[in-house]
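Two complexes are shown next, each including subunit A; its partner changes from subunit B in the first to subunit C in the second.
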Partner chain A sequence: MPTPFKRHLLNCCCLGLLLASSLVSAATLTIGRSADSTTFDPINTTQNADNWIFSNIFDPLIALDRSGTELVPGLAESWTISEDGKTYTLTMRDAKFSDGTPVTAEDAAFSLMRIRNDDKSLWADSYKIIESADAEDDHTLVITLSAPSVPFLSQLALPNASVIPKDYFQEVGEEAFSQAPVGSGAFMLEEWNRGESVILRKNPHYWDRDRIELDGVNWLTLPDSNTRMLKIQAGEIDAAINVPFSRISSLEADPNLTVHLDASTREDHLLINHSHPPLDDVKVRQALDYAIDKQSIIDTVTFGYGTVANAYIPMGALYHNADNLSRGYDPEKAKALLEEAGVDNLTLDYVVNAGDEVDEQIAVLLQQQLSAVGIRANLTKVDPSQSWGMLVDGDYDISVMYWTNDILDPDQKTTFVLGNDANMNYMTRYDNPEVTQLVADARLATDPDVREEMYTRLQEMAKQDVNWIDLYYSPYRNVSTKAVSNFYQNPMGRFFLEDVSLSE
Partner chain B sequence: MTALTSTQISMGQRVTAPLRRLSRDLSQRTTLKIGLAIVLGWVLVALLAPWISPYDPVYQDLTTRLAPMSWAHPMGTDNFGRDILSRVIYSARVDLQICLLGVIFPFIIGTVLGTFSGYIGGWCDAIVMRLIDIVLAFPFLVLMLAIITILGPGLSSFFIAMALVGWVSYARLVRARVLVLKQSDFVLAARSLGYSHSRIICKHLLPNVLTDAVVFSMSDVVLVLLNGAAISYLGLGVQPPVAEWGVMVTEGQGFITTAWWLTAFPGLAIVLLAVGFSFIADGLSENRGGTQ
Partner chain C sequence: MHRYRFLLLRPLQLIPVLFGISAISFVLVRAIPGDPARVLLGTRSTPEALARIHAEYGLDQPLPMQYLLFLKHLFDGELGRSIIYKTDTLTLLLERLEPTAMFILGSVLLSVLLALPLATWAARSRGGVADHVIRLLTTAGLGLPPFWLGIMLIILLSITWRLFPVSGYGDSLGEKLYHLFIPCLTAALSLSAVLTRSLRSALIREMRADYFVAALARGQSERYIFWRHVMPNAIVPIINLLAVNVSWLIGGSVVIESVFGIPGLGQLLIKAIFSRDYMVVQGVVLFFALSTVLVNLLADILTVFIDPRIKL
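== the complex of A and B ==
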């Protein structure tokens, strides 16, 4: 007689258990960020907003550890480098893409040749050194370089050079892949609502799946900083990235939140257009350096959460020269140098990114400081989409920009900033053949001590010539609720979401 | 001949009617009085700015950053330690200039084109109306932004863009009014008397349509003020370190939860001036229905 009732009861229990288990396992981390992704085709972007998600859904051959200072195995379990430094043999681990197909050396070779050759690749220059990449068998990848290159291993750890599935890519085509990618990373893309959110689910085929505690990650696009901060304070989201400097102390005081100031490789600097006289005169550039009070920028703009920059290689990065010259604030010396150079009534066009709070604040400060030594700065606020073009065209005298390292090795930034290649030394038109030569030599030197010495020398020479004016280094500023543990961003910008856990 | 003299008398009345109406309004309409008082108050503040503002509006005192209200800084200081009261006062100069120049060019262009279009009709009307259609085909702000982007950022570009885009409302309003007035007795009488077109337009039509345009301009000026703020917000208007209310609101935006005085006071100033103009517009239009 009681059977139907019992069965009913049993059903109820089962349902209850199911519900309970689904509640427990539905650990989804919601993160608010300021910009949406632009694409999921790894080679076709240089945006941080894109790269930071690539490192969640794709795997590179070689990875960076949590500290961001050491190369560790990624999809390649181990590697050997030939005597002449030109042949790299990588052994691939047993891993699967999120669609269940195995990751092979063929996929890796395809991905590398794609970033090297494809018209859409924005990173092609950095990979031109690859002569060939071949799959010897499913697990062995042989890369041959045209010349030995010490930074090459670091270059393989770039999220943009991640391994993508050749068959799937060729089946769906470039356009479809850029919107619905398949990778071998810890998470996979479930949904992309442009301008709103990127929804990631745990990848059940991830090679290190036991490490992942979360079931999913929702990246919400919340461009307005105030909104983002109010939402985390209200507990509507679990974490928010890019906390405005002005809000750090008030968020730190909130008992429900943890502010993460993780070391970054960001350096803000003042670009100088060397092709516009009298800025071609080193004395004038040095005068500018003396005229700028970097500490006041740190106090006013970063609310003390920054450090005065003394070299183009940022603090904490490989080969940073802590003893590099730092020109202190000395308006009298600036005036004397200007007089020596025979310059008076100098007027400079200062291009400012409109809508960028930090940029605009620095502009207001610098304008006042420069006027104290008799330099007039005409601020032109332009839309960021337009300002980049103006810098490239040389349509500016000074402008503040920043750089975050993408790879461990200093070669990448050094080449961009001092190597005098296609981008005119990061739009500055700085040209010192001696420096250019040293950049090329440093890339080839194999002895770490010799390299360190060369990069130290490069930092000194750049400072002497004032290629640009180093302003300040600043940390990543993220915030999470107390329920989130292990939220961390390494200096290269990678979020280690596979280690994050969420408690009730 | 008696008929003619009476027409002349009545036409004479029409010329002075708007002025008389204004003086009557002034004595009767409280809203108009309040509105004028507010706007004149701001004009005084703007004129006396160097004498009444306690500090230099661009002077940065980095030791007193984000200071709340005190006797030394009645409206507090911003993130560069600049005195907000002084900046609000000096902003009045820029913002009143925006209001005046942002309205006067569209007003003149629109009124002239609208009058000709309505009075002459035919091909002239067709051309003006098509021009209006073209301008109206684009969203207002998009067209403004496009023009300013071509001319380069700055206030003068803003005024040119305003003139190129803003005249259409005036032109349409004035044209509609002229079309009606053209058929009215006093205009027909003037024409039958053989008065020249220019005399009819200047002496008979314009005085009558101007009131409408002025009333409209008083509500338009509020929009211009907000547009100026919006354009500066986008970085295309006033360039730093010049103080302007819209810019101040933008700059203070990041501090809205920690230092509200950065945005509140310039915001209030915008509201106050806008309310002043709105009152004037209301006061002027309140009796529109009563008399012809």
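== the complex of A and C ==
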């Protein structure tokens, strides 16, 4: 018969063992990334770092599959589109938010109207096409568009358009929700230590919960890329995002680590300001294209991990034209074209993002290559927050920028780059009415074959006109320890943490 | 009692200093080109969206008006809203205060712990081997850039020997101290080099003074004179030197926090500057200025306490 003290001691031991065993079985994946989240209100941000978390804790109506090339059911199990292409009827699955309340069509309608109408929404323009979104019953959502739009389904898969709980949101208010959100995703936010970490736990109410192997995910903010890489080499974290090109080979040689080079939709390109003569002359722009040795940029800057870009729709994205015209490196031809255009002693203002290692290296290479054909490039190094303003104001001749797709459909990027909308074709001031019209037509074409043809044609026309200069495509560069299985980022940037497992 | 009268006057001097700093930080952060709304909107910045955000944060008002609003908020005890974090600047500041305070306190403590024995040893064996070695080491300490030193310490102590974590902060006090050791050591190695050299020469100067010889002649032990008279006299200038260097540490925290992933004010400031998050920059700069003034006040109090002859 144990004395009360001994029993107490025994209880303590049991409790201790219990605690210890639960600690061992708790599989928490720790990921280091360079930037912290800024908010958990999905409509109020355009940062990738925020969207990564949104796809962990929220669910959109329609999802992108693992390969990033196909739309699959999200919170909507199925959908039908009316004959005139304006009415979408979505049937919602039985799902619950992380607080246990059911996800209804009313929540979905509220979320869509919010991203469309709210003052805080940074995405309102993309959803203005919605005329109304109504819940017919708890499981049926009817969306009416003001005009038919083929890209609309893709637009519903954007993490920023995820479904949030209407009642909870209205109860706590916008401010509180942005710090302590409730969603229906695979994980839920447990704690946000600003500047330090975002702690996620498995959502016990997630509709596909059996698929989840991890108990939680810790996203750590480690802004210095040297430190981030040292930290995974020391085994203090399980994965790290954004490996510098220069570190890929040394990390690949580390027997404890796996480097993941997953296909992305990133394209780096050289913007040209068409409103500054003689850059309005297509011959001069073609000369620039011939004067630039893309392969040498890839070899030097990306250590060979990039691919020469031949079209504005990136490799691996929907309707990419692999056979698009590509101007090889030919300085003689560049000189001839410049002479034909009657241009000599050309001096260009080149805006460079200071502090960005890749951008600064490209600038040095381009300066050399351009000088070989008699073009002088004056480098102006400015903060990234300033360079964007200079591009908007047209205060530049050339500048290197990049783009990653947010949605599957090519319409988003095409409109931005060639559609001649509010952004002056990605600040290039490129203007070809024929191209603009084709962009509008392609948005409405419902036959996939016809659309593909149209986008193929657009890629050709853009290349012919040299709207900008396509430089290179590059993969996502992440690293994980060997204990991590299935770590993967799809081309649209989404991390599929619901498939990740950790071994001892 | 009158010795501490300056404590009544100092807070009054604070007012013009803080006014000046608030005006300078307000003007400087707006003088660099760039626009927080453009950072927030990224590639989606249309003129309408920009105008909406400018209106929301009062950036569409004329500059003098913006400054008056900033001062009005200040009197209400508010620092304005962060555009990037979409929350109150004061909240952000308080959240990040502890790691930076711990880092600075740890670095000061560690550098004093290094400098005191080294300087004492060097001064008492002046011209000897120990003195030469210590002077060589401190010269090296002054020459090595803290940024590089930090990376080297990580590679040695964390990667090779696996004694300390590479970066981060931790939850419990023990964990925090454990994480802060290498960053504090990095800062302390530079700081203690300055302190050691100054303290050593101050000690030597005092040991050459007449009172030292006189006391020896009266038969007091060298050990007693050293600790009772030499050290208190030599330490007074060092306290002020330390106070000046704490200001250096506050600035240095910007670099060191980002190398070691410490979620403190330095990192907050650098992110705010790059994204032109005006309110946060103003708030952190104002806070840094206030801390610097307070540290110097503390040094003055200590000086008067140690050396009763000094009147401020």
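Quick note on the criterion: the second predicted complex is superposed on the first by the 485 of 504 C-alpha atoms of A that agree within 3 Å, B and C clash if a C-alpha of one lies under 4 Å from a C-alpha of the other, contacts with A are read in each partner's own complex, and residues count from 1 in each chain.
Everything that follows uses one rule, which is that a contact is a pair of C-beta atoms (placed from the backbone, for glycine too) under 8 Å apart; a residue touches a chain by one contact, two chains touch by 3 or more.
Note that this is a predicted model, so its numbers are computed, not measured.
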| request: Kindly classify A:K381 by the partners it touches after superposition: subunit B alone (first), subunit C alone (second), both, or neither? | output: first
| request: Considering only the touch criterion stated at the top, classify A:T347 as touching first (subunit B), second (subunit C), both, or neither. | output: neither
| request: Mind working out whether A:S296 is in touch with subunit B, subunit C, both or neither, as first, second, both or neither? | output: first
| message | I'd like to know which partner A:L230 touches here: subunit B for first, subunit C for second, both or neither. | response | both
| message | Taking the superposition on A as described, I'd like to know which of subunit B and subunit C A:S326 touches: first, second, both or neither. | response | neither
| message | With both complexes superposed on chain A, which partner does A:E196 reach: first (subunit B), second (subunit C), both or neither? | response | second
| field | Touched partner set for A:A363, first subunit B, second subunit C, both or neither | value | first
| Of subunit B and subunit C, which one touches more residues of subunit A? | C
| query | In the superposed arrangement, which partner chain does A:P244 touch: subunit B (first), subunit C (second), both, or neither? | reply | first
| field | Doubly contacted subunit A residues - partners subunit C and subunit B | value | 226, 230, 382-383, 386
| Complex contact set, residues of subunit C against subunit A | 32-36, 38-49, 52, 56, 84-87, 92, 95-96, 151, 154-155, 158-159, 162, 165-169, 258-261, 263-264, 267-268, 271, 274-276
| query | What does subunit B use to touch subunit A in their complex? | reply | 58, 60, 62, 65, 79-80, 149, 153, 234-236, 239-241, 251, 253-258
| query | Mind pulling up the subunit A residues that touch subunit B in the complex? | reply | 225-226, 229-230, 244, 246-247, 250, 296, 299-300, 352, 354-355, 357, 360-361, 363-365, 367-368, 378-383, 386
| said: Under the stated contact criterion, what part of subunit A meets subunit C in this complex? | reply: 38-39, 41, 44-47, 119, 122-125, 175, 178-179, 193-196, 220-224, 226-227, 230-231, 233-234, 236, 382-386, 388-389, 392, 403, 416, 422-423
